[in-house]
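So, here come the structures, one by one.
After this come two complexes, each holding chain A, first together with chain B and then together with chain C.
Moving on to the complex of A and B:
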């Protein structure tokens, strides 16, 4: 397998708790989960050419699934985590069935409409979701076995959960990478480039689009499942349109033309947000300005810009 | 090495040690500073800041200065949790004082419990915050709560010549809990009363017309509302246009601080003068010398002739924290938490005590019928009465 830098990155990620700062681990955990969420959206936006404005719906469904199973039914993480992917994927199948019948802006609007329905249910169904107050105190998975391992045994529960996140996110990204590199993934790119031609050569475009929609939804659900635990609580605004736009911004900012672009976008946006909020209460203004500049200066996103810079450096003199 | 260089080097190395001794006591405050809830959140944070500046001018607490770090929680539980965790992990705050809505309070309480950090809630009222299953050693409340507020309002409504009562509240923890407490207590003190209608708009609703029309169709004689903050402004304007207040002969009580000076001031002539309401404070109350002095200082601090009634909650929150640190003679959260139990503090609104049983302060509110007063360009409560909550707390 090519790309030892991916393994180097994985090793670096695993070493974050060794820095000893709870805040760095917290930040790294946040970035990783959002990286998975943004990459799952990129399967739609970047690879299939479908712009979804309602991707947070599946993130929210995943978060509530894992949260409810672990908190109310006390099921183990081993069941609750995959369940988030399965349920989010199931809902993506249901909503996607209608969405892929539309194109462009109509597709985007319908994804948004479904997401708002999901949000309204989370917000209103007080008995199950806790409504506006959300569902605090999602338990950490029982990771006592990690306490018996060498090296990591002495770490905190939050650090143990971080290590689990690193492994799971790496696994998910590896699967997604295999998907986009497969003949199926190539077909998605063909559809993005020219859906009509794809249809002429006998491809069932809608079915491929639906498959991509379900996959993207399922992985967003897995990201949501992790996020609910990381965030120590699940809240209805996980499924709100602002979250959908946030993840879309990450994808665009990082660069939807590349596989790791959205992950880079997640890192950049979280660091920016985090820094600005602690300096000024006019954070939306500052953040908006920075984003406009970044999007104009780097149309290919941060990853695109990095690629250009690398090529320029390697150019024979 | 040159001797002077050596001296400078030694000084530089010693500096951090000297700084260590006078490191401020950092207190984190997640508080809504944007959107309609900022009408209450912003002055609350300013009140806290005023207390911090006053005590620092007197030398601080245990020889250390207090430092307040305020963050915009956007009146959103998720955001409040995030800000609280960042304040603890990144800024290393030793205590939390803050949050406004009844969604934010319980969510941040969980963070305080996990991090073993004292958290004083100055505004959230939901009973759930300190209910037996949610109570933990680090959560304290210096706000009123929904039982106190609902029962206080019920006592007032029970005296009105009405039997058909309706309610209007937001569909979330605060609205549900305060309405439940009101209805239960009203039925107890005046068994003949009938609840003819209950409307539950969602928090932040902009269009109340459907709710108002449905409610008036049931012909209530009195209305209990807990629509709060900037939201009451929207609601009461629409209700006035539909003739609600005339139809029920101003038998209307607005809890959730519908009679604060900032609300009547911001509405001016649009305010439905004649309704009953409550408030945490009022600059015109002037009961004691301590209160008059506080209002004068606040007026100067905020550069406002009619200073906010919300500053007091931030002020009291910080006051309890500082007094507890003094009593514990330590900034260790476990010791401060113990010191807060049964602690009585002389606040500008009189002595308040945090009960050991449920970590709840006996904080009542001002109630009164709103009237026009020639002295002010807006309505005030007159006569204004402080309702002592002690008898309503169990």
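Moving on to the complex of A and C:
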């Protein structure tokens, strides 16, 4: 991470448990995991120009993978967490192989179809996934070693897990940022900008799209792995289409044109949800209104609007 | 260098290109002309793999490339520009050309290096030779039509092709832009020893730089040869030059 504000943000995130509020830590944990989920989707939507309506499939697969390994096989988090990325990436490779053969709305519909298949399997396969009831009581990773550390030793287990989340999400975001700033990332943007031209600079468009799909799926899987533990249970609705739309809304709300836009969208949506729900039960109505206004006034999302505001403030007098 | 042998393509029963053969020798500047709808762009798309011919073959440097996908054709040393300007509009001028270098040099699957400085020297040198050096940082979609066409030429050249196909390189340009572009194309072709095949509607341009002209009419080749011969050809005068003048 080059920009100091990123480090400052990381430090601030690490300090949240020091506020002593179980609720704030809970909220921050939720935001971080969704931020990673949304950023992984943006690799497809914002960088490659592929709109997936089924990104929750990989989130769900990741959550079930970590959950099953930790609860049923009692494997350590150190294995169960990366496994979420590997398995979600593997399924993304399988499904993506077919999806990238289609374009635009057909691509989107096929991603949705695969996600619904994943959901249906999670919903019905009682022996393994717990079916409709899901899989409650996913154990926390064994973080006893943190209890022996200075400063953080006295914190709750949920706080310890939060700190692990901060570090892992920061690592994942750092990797994703390197990827979008790499030659590979540039090739993805050429596909988004003009797939026909990209082909004729020698880019095998389908193969690159598939690679992006697998990466996005793997990181969504890692987010899912964390979420299952955070949520203390894994349920079929993790892979349901409403989750896919939620993460897509975060991405659009925050702004798919910038790297941190979707993370900002995750923060905004979760906070809005918290705030508005306490005033009215019609919160989807309020959210819908906000989204419509935003999409018309600031098509670049919150991050785009913030960028415009900053440029305006810094304009030469 | 390039041999197109009897290719055919139809769309919903309409035969756009019918048994067309074109050959281009190494180092040659060759043109394909013909009235609107003669099948010039379709023929180009058959050569570059954007379309698959129903019959016939495309041979590049002795290698049969018929039916290969465009990205493979590009890797074998063919560059192209498109009739409708085809750039990466929200990337900068620099990024447009650099992307082509990255892809051509096989760095596309590098997920870890920082992209900005890679091939900076090559990219800037190429932009300079196109007269776009000063505009490297501009968003390419905001350039004038003529500058976008030049940029597209730059993208094609960054793939370091040995054969360059230009589909109407001066379409939509003013007279002065046209002259400037043609001079540029001619100079670059000479400097790089490129083989050039282009389509063009401006007869003056064609007869001024082409060493060989192929005339297409209703999907068929009706004449082929040196500019003087083509100009003198009775059928060409009847179906094409006659119509226009």
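A few remarks follow.
The criterion applied here is as follows: the second predicted complex is superposed on the first by the 316 of 317 C-alpha atoms of A that agree within 3 Å, B and C clash if a C-alpha of one lies under 4 Å from a C-alpha of the other, contacts with A are read in each partner's own complex, and residues count from 1 in each chain.
Criterion: a contact is a pair of C-beta atoms (placed from the backbone, for glycine too) under 8 Å apart; a residue touches a chain by one contact, two chains touch by 3 or more.
Every value quoted in this text rests on a predicted model; they were computed, and no experiment measured them.
Taken together through their common chain A, the two structures put chain B and chain C side by side without a clash. Once the two complexes are laid over each other on the shared chain, residue contacts for A:232 go to chain B alone; chain C is not touched. By the touch criterion defined above, A:245 lies against neither chain B nor chain C after alignment on the C-alpha atoms of chain A.
Once the two complexes are overlaid on the shared chain, A:211 sits against chain C while remaining clear of chain B.
By the touch criterion defined above, A:197 lies against chain C but remains apart from chain B after alignment on the C-alpha atoms of chain A. Once the two complexes are laid over each other on the shared chain, residue contacts for A:134 go to chain B alone; chain C is not touched. Once the two complexes are laid on top of each other via chain A, the angle at chain A between chain B and chain C, using C-alpha centres, comes to 140°, given in steps of 10. After the two structures are overlaid on chain A, the closest C-alpha atoms of chain B and chain C sit 37 Å apart. Once both structures are placed on chain A, no chain A residue is touched by chain B and, in the other complex, by chain C. Residue ranges of chain A in contact with chain B, taken from their complex: 22-23, 26, 123-124, 126, 131-134, 136-137, 231-233, 235, 237-238, 274, 277-278, 281, 283. Across the complex, chain A is touched by residues 33-34, 71-72, 76-78, 81-83, 85-86, 89-91, 102-103, 106-107, 109-111, 114, 128, 171-173, 176, 202-203 of chain B. Residues of chain C touching chain A in their complex: 48, 50, 69-71, 74-75, 79-80, 82, 86-91, 95, 98-100, 102-104, 107-116, 118, 155-156, 158-159.
Remark: chain A residues 178-179, 181-187, 189-190, 193-194, 196-205, 208, 211 touch chain C in the complex.
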